[in-house]
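Take a look at the structure set out below.
Chains here go by letter, A, B, C, D, E and F, matching the order in which they are written, and residues are numbered from 1 within each.
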Amino acid sequence: MTQRDLASTQYKAGVLIEALEYIKAYSNKTVVIKLGGSAMTTPRLAEAFAEDMALMRLVGIRPVVVHGGGPQISELMKKLGMQPRFVAGHRVTDEATVEVARMVLLGQINRRIVGLINRHGDLATGLSGEDGNLLVTTRKFGPSGEDLGLVGEVVEVRPTVLQKLLDDGFIPVIAPLGISSDGEVHNVNADTAAGAIAKALRAEKLVYLTDVAGLYEDLGDEDTLLSEVELEDLVNLIRSDKLSEGMLPKISSCVEALEGGVSRVHILDGRIEHAVLLEVFTPEGIGTMVRAPGSPTESEFRALKD
Amino acid sequence: MTQRDLASTQYKAGVLIEALEYIKAYSNKTVVIKLGGSAMTTPRLAEAFAEDMALMRLVGIRPVVVHGGGPQISELMKKLGMQPRFVAGHRVTDEATVEVARMVLLGQINRRIVGLINRHGDLATGLSGEDGNLLVTTRKFGPSGEDLGLVGEVVEVRPTVLQKLLDDGFIPVIAPLGISSDGEVHNVNADTAAGAIAKALRAEKLVYLTDVAGLYEDLGDEDTLLSEVELEDLVNLIRSDKLSEGMLPKISSCVEALEGGVSRVHILDGRIEHAVLLEVFTPEGIGTMVRAPGSPTESEFRALKD
Amino acid sequence: MTQRDLASTQYKAGVLIEALEYIKAYSNKTVVIKLGGSAMTTPRLAEAFAEDMALMRLVGIRPVVVHGGGPQISELMKKLGMQPRFVAGHRVTDEATVEVARMVLLGQINRRIVGLINRHGDLATGLSGEDGNLLVTTRKFGPSGEDLGLVGEVVEVRPTVLQKLLDDGFIPVIAPLGISSDGEVHNVNADTAAGAIAKALRAEKLVYLTDVAGLYEDLGDEDTLLSEVELEDLVNLIRSDKLSEGMLPKISSCVEALEGGVSRVHILDGRIEHAVLLEVFTPEGIGTMVRAPGSPTESEFRALKD
Amino acid sequence: MTQRDLASTQYKAGVLIEALEYIKAYSNKTVVIKLGGSAMTTPRLAEAFAEDMALMRLVGIRPVVVHGGGPQISELMKKLGMQPRFVAGHRVTDEATVEVARMVLLGQINRRIVGLINRHGDLATGLSGEDGNLLVTTRKFGPSGEDLGLVGEVVEVRPTVLQKLLDDGFIPVIAPLGISSDGEVHNVNADTAAGAIAKALRAEKLVYLTDVAGLYEDLGDEDTLLSEVELEDLVNLIRSDKLSEGMLPKISSCVEALEGGVSRVHILDGRIEHAVLLEVFTPEGIGTMVRAPGSPTESEFRALKD
Amino acid sequence: MTQRDLASTQYKAGVLIEALEYIKAYSNKTVVIKLGGSAMTTPRLAEAFAEDMALMRLVGIRPVVVHGGGPQISELMKKLGMQPRFVAGHRVTDEATVEVARMVLLGQINRRIVGLINRHGDLATGLSGEDGNLLVTTRKFGPSGEDLGLVGEVVEVRPTVLQKLLDDGFIPVIAPLGISSDGEVHNVNADTAAGAIAKALRAEKLVYLTDVAGLYEDLGDEDTLLSEVELEDLVNLIRSDKLSEGMLPKISSCVEALEGGVSRVHILDGRIEHAVLLEVFTPEGIGTMVRAPGSPTESEFRALKD
Amino acid sequence: MTQRDLASTQYKAGVLIEALEYIKAYSNKTVVIKLGGSAMTTPRLAEAFAEDMALMRLVGIRPVVVHGGGPQISELMKKLGMQPRFVAGHRVTDEATVEVARMVLLGQINRRIVGLINRHGDLATGLSGEDGNLLVTTRKFGPSGEDLGLVGEVVEVRPTVLQKLLDDGFIPVIAPLGISSDGEVHNVNADTAAGAIAKALRAEKLVYLTDVAGLYEDLGDEDTLLSEVELEDLVNLIRSDKLSEGMLPKISSCVEALEGGVSRVHILDGRIEHAVLLEVFTPEGIGTMVRAPGSPTESEFRALKD
């Protein structure tokens, strides 16, 4: 081995050793990842995400993936001659629409993620929120009481099926569908589903992979990206009415998760390859982090493990 | 309570007690059920099937459901302007077709079965043969070597995910999709998938719910229904070339399962309400039974448990 | 199968499905049954009782049987030239009498029940309250302080041996004998023993199989059978001094068990074949039910499980 | 502490340390003890036996007690006006007789042993060979084919209930009754039952507590006590026809047990206080020992553990 | 066996039976023994100690041994030309000294104890307080703030490694070294280490094997040995300033252990062979016992188990 | 984050992902590492080794460390005025020498490794081959029968204590001392000890960290380093008599381990930082690898896991 080869090889060792303290800190902890559309836009991004999940699982972390699929649902609806309709950002959902949503979410998107992860072993298994009655929902109404049809609000999470699969070494990949107590199937906002699941599992971390770099102090100015904000700031943000329709459920779910026992929520840029891996295994800060009040800082948290 | 009420009530007790010896005999045994389309043709038939599964699970039997969905796949293809094409009974399957198959199997049919069972508890969880790499497949070719595209032949069953879910008290409901070692998704014949899974789990019983009353000595004559046949008879049947394209994979899978450790295969009429329940919990013979050579008769089997 | 056969068969399926929700609700719950003499008066009644126990165990319920044997004790005493003597309904018990009681309870009655149940599998195992020091007793005195000899009052239940046998899948059949801290063997009232055991196991249900149809509003009038009464009513009944010497320990034990964590007590007519089975697995009300205040009604209870 | 006290105390320490290597060698091993009548003839003998059982259990050995009760059965029969009748040493047993046997064995003798052991903790639990269908029997006939009635020959031991109780830390005390496959209760020779149970449990040791000092080279001469004999010698002894009717089943059971996997059988004098304890925990040889061919000698056995 | 042999043998049985109630009482309890130098002064004393540990472990008690080694450390230091130095009874410890301490404690003394115990089986395993970060320490200063160098004060016990080894059936033998949070190795007083470990394990008993017979009312007068004292008396003793430098850490650790959940502390004379065995398994009182207020007396404690 | 930062960060991700397939392949596998002196010569090398061990353990591999310490033993001997003496490469070992060896191995070297690893968590625990009688030895003699004194040859490995500690999540660090059946302590060659332990644990991999780069085709020519050799080549090498005294036990142990079930042995250069990590987690070949005949190549091995 030449000196040059050796130097390059030693650099590799350094990276692995740097990861050591993060592996220690997250060992046996649950991390819920909401996978937004942007993280799947190129094959390479999708593969990198799958690699991240496999690596996390193999080093002893318990990842849970929740995905959405709005654009793909609209696309298939159109192919079938149906007209998507929205009220205040919510898809108005009749029975035919929920059928399409199920087909797209479970038959396309869920499968793609499961397949990519399983290239690395018998690791992932797809789930609908209907399986084992995981997500129990009621009908949700629009902000002014509009009838949205079969749109679900999560009223209970029955996490047994998830806990069993996690204990058995699998990575659950969840499509955000819910089931009401009288057997009605509901379409659920994926951000909200991820938050509710993280809370029910008392996850250590909840990660939103989005198509923005994070939260900004001044939304128009990219230089004002916030690397850490307080729970209080999020609450103010919601009250400020300045949030877009897409960000509102995300931010509301963050608040609910943090108040319900999750220690840390991250809003990451899904367009960066291996964004989750970098967040979890390196000191480099990516995106915006929100910490539950009273929970240790990242470095305190790692120190706890020493 | 009047005498009449009492008599009716006592009759109920008799039915339950009659079930006792069957519950004993099948306690903790695995039963794989291939659910054919006919068993889902009316809501009542479908609900009755779901009740049967829930009852079996609750009294300590381990049911596994495998379903197909050919007609529904063709239907959605037509809606999307695609033309189903068959060679020797096999659907020629390109990538667009397999996408449709996944959507229909996982987003429609699998969901419907899971939903009906879960009315009775947090019992069922849907699975694709892709989950945990359950069904590993290679491309299958037509009888004369025709290229069928993404049609899969099962080369390995990795039953870990099934065994874990069964041990955890769930009812797995499986869509017959497979995954090749290089990540290609394949459409698999549901009869074949059920047989391969039964064999891998060394199931006690494999049940085919079909749209016929069973096997006939003389196919045209309903009075010649056979209540029991030998494995040898099936082998002869296959060699006779008299089997329809629909029956061939069923009968071939029967043979393979019986030779691979399954004790008993049943071909039942899915159009009879609660056909599975009646087969498992009552002495009334329904349909046709094939026993593995050397395995005990039904009454010997029950006696073993005493 | 003729249409008529099919109808009859379908009726059977209906009965089994009706049982489904009861099996769900009682899955893994403990039910203590006090078996009174009347339930053993004919061979058929006794066999039906044994079938009920076997069925309950096999579908996942944990039955515990407690039996008495007063008349048979008196009978053997007479054969041996001894004179039974009672004070305020309690058998005055010297050492010779307790020897006879042990022989009758353990050598006759306990054996008969165990034998009938074990026709359905290796299910039952007989126990004395002395085994594993299950029932720790002190001498009990008559209402006016009369010396009753070796009659025991339960001061402690050490349920380990029961819990182990239940966890191991057995049906314990218990003869009501107790052991004092200084090694004296005591005869214990079987109703009281059943109540104390139900309380110690925090049983879901305590069933008294008696020789009456239940409690009556007006004792002389068969039409005034009460299908449900309140705990409060029982307390009043005890205070009213209207209870017979046979009913007093039963009713007192009911009160103690309900106050000690048992949810429901039933007083059933042991002369009805399969009385326990019908109570547990069908909606038909038999006898009288007393519910612990605050515990759910039967239908609420079942709904909890859905 | 005076020098004298100290010396006495040190002697105690020496005895305990001497026991150390025996405790090591028998740790977690099963020892079946057939308790003959002579070991119960004085209260002190019986108490000493109970102490031995408790000590063995507490230091990690798994004792199983099997007892007889012939004389007491005859006694109660006479009290009830029944006439005991024997053919070739076997009690001719009609239904009334088996009822008496059950009452005496389970209601008297079994209870007495359980009670004495349980003074030392919640340790013993009584069992009939009927419990959990432990001893499955068929009718046995006399040497010349005489009908002996309900006398049982063990055809199968179903040891689950014993193994569970042993694993749960209990000492099973077993009355030698059997149950036939059609539900007939049989009286079983206690020596035979002990041998069959030892074989089914693959016990390390089977001990017969008898009313003789052991086997003699010359039966009439007390000085010819044999401290060790070969299995072959026993076989010759049986063929010699010199064995008494009482010794024959003992010796035959020894042979069967040794051939079935038991390593060592001991014939001890039950009239010596703590005979079992001395046999197991001290180097002093008591009675006669028979070793399975090929199994290690006592000192080799202990050395294995070091 | 002669009458004389029999009498001697029976005496042995008596000793074993006497031990029975102590074995019962201490079954599965943890006992921490601080082994002082005097108990190792002759080979026979050391062997007897090892026998005691092996016997305790084999009858189901969980012994933990903590040892010191001051004189041997000084001896090796002198051989290596180093000069031991003490301040207020504490060895002033520089880096070279702690290296010597580790070599002596782990390479000599710990090994000797492990070796003697392991003659009786694969029982003992040596540990430093550094293993698994068992004893976390900070630097301790002298009574007037003197710098003692690498002398440790225990700030945390991380007992996982001990609990695992105890659960796995081993006897941990611990050298009193500690590790600070920044990786500095400290020499720890063995009496203090034993007390801290006993407290962390909530041991039933803590035994100090010393070179005195126990505590005296009047230190100069051997006849005033105290067989039992109150915790309060110890507290007064500490305040009285009458304790020698060697007894102070012992007595302080007693107080801390008793206040921290240990039920009983014993100060025994290590020069008596089998002192621990005699204390634990016989009624003879040796040395001085201190009971935690509110904890049962020795005889109450044993009675609890009955 | 600048583009440059991002590129560097992405490179890190790439290194982690590259490690993924190695983590998969070695998950739950045992790897025994013989740590030679050269790997401890600088503080940085020693720390890097400790990091490697911690990382391996945390990602689910089971590392076992065996170390030597010859030079340090000689050094302390000299300080104590003793004269090291060697016969055919073996240290002639009298009692004083073995005492020094124990002090150095257990009190110095073992401690240093344990301490460095435990900076990363409560991970390591030191062991002597005497603990739990792990290494049972007899005296070894020189090649011409010379008396070497207390030098041990491993005759049995009793791996229970290792397996328990590995199952409990610890990293055992083992000093190569052995114990004979009569209690004599022996000094064991560390290479031999490592090989025997790897064989007893059926380790996946045995790694020798040495002070050479590997095996050379032509010993004098650094350019002839062999990256892979056959077991057969090793056997020939031994027969060739060309091996140095230091390499002989290493190569002999390799052969024994490979023939005894270990799949792969590596001879690595301990002077390279993170040599073990690089060998295990990257594709870069370091040093020389020997594969057991019939075992899969490295890439086949990893493919097995997919």
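Of note:
Simple rule for what comes next: contacts are C-beta pairs under 8 Å (C-beta built on N, C-alpha and C of every residue); 3 or more make two chains touch, one makes a residue touch a chain.
Quick caveat: nothing in here was measured; it's all calculated off a predicted structure.
The pair from C-D, A-F or B-C that reproduces the interface of E-F, where over half of the contact pairs by residue number are the same, turns out to be C-D. Subunit D and subunit E have centres, each the mean of its CA atoms, that are 43 Å apart.
Rounded to whole angstrom units, the spacing between the C-alpha centres of subunit B and subunit E is 67.
In subunit F, the positions touching at least two other chains are 119, 306.
If the chains shown are joined wherever they touch, the resulting network closes on itself as one ring, and no chain has more or fewer than two partners.
One ring covers every chain here, and the order obtained by setting off from subunit A toward subunit F is A, F, E, D, C, B. Subunit F meets subunit E in the complex at residues 79-80, 99, 102-108, 110-111, 114-115, 118-119, 122-128, 130-133, 158, 160-161, 164-165, 168, 170, 179, 183, 185.
Chain contact summary for the complex, subunit F toward subunit A: residues 1, 5-6, 9-13, 15-21, 23-24, 27, 48, 51, 54-55, 58-60, 119-121, 272-274, 277-278, 281-282, 284, 286, 305-306.
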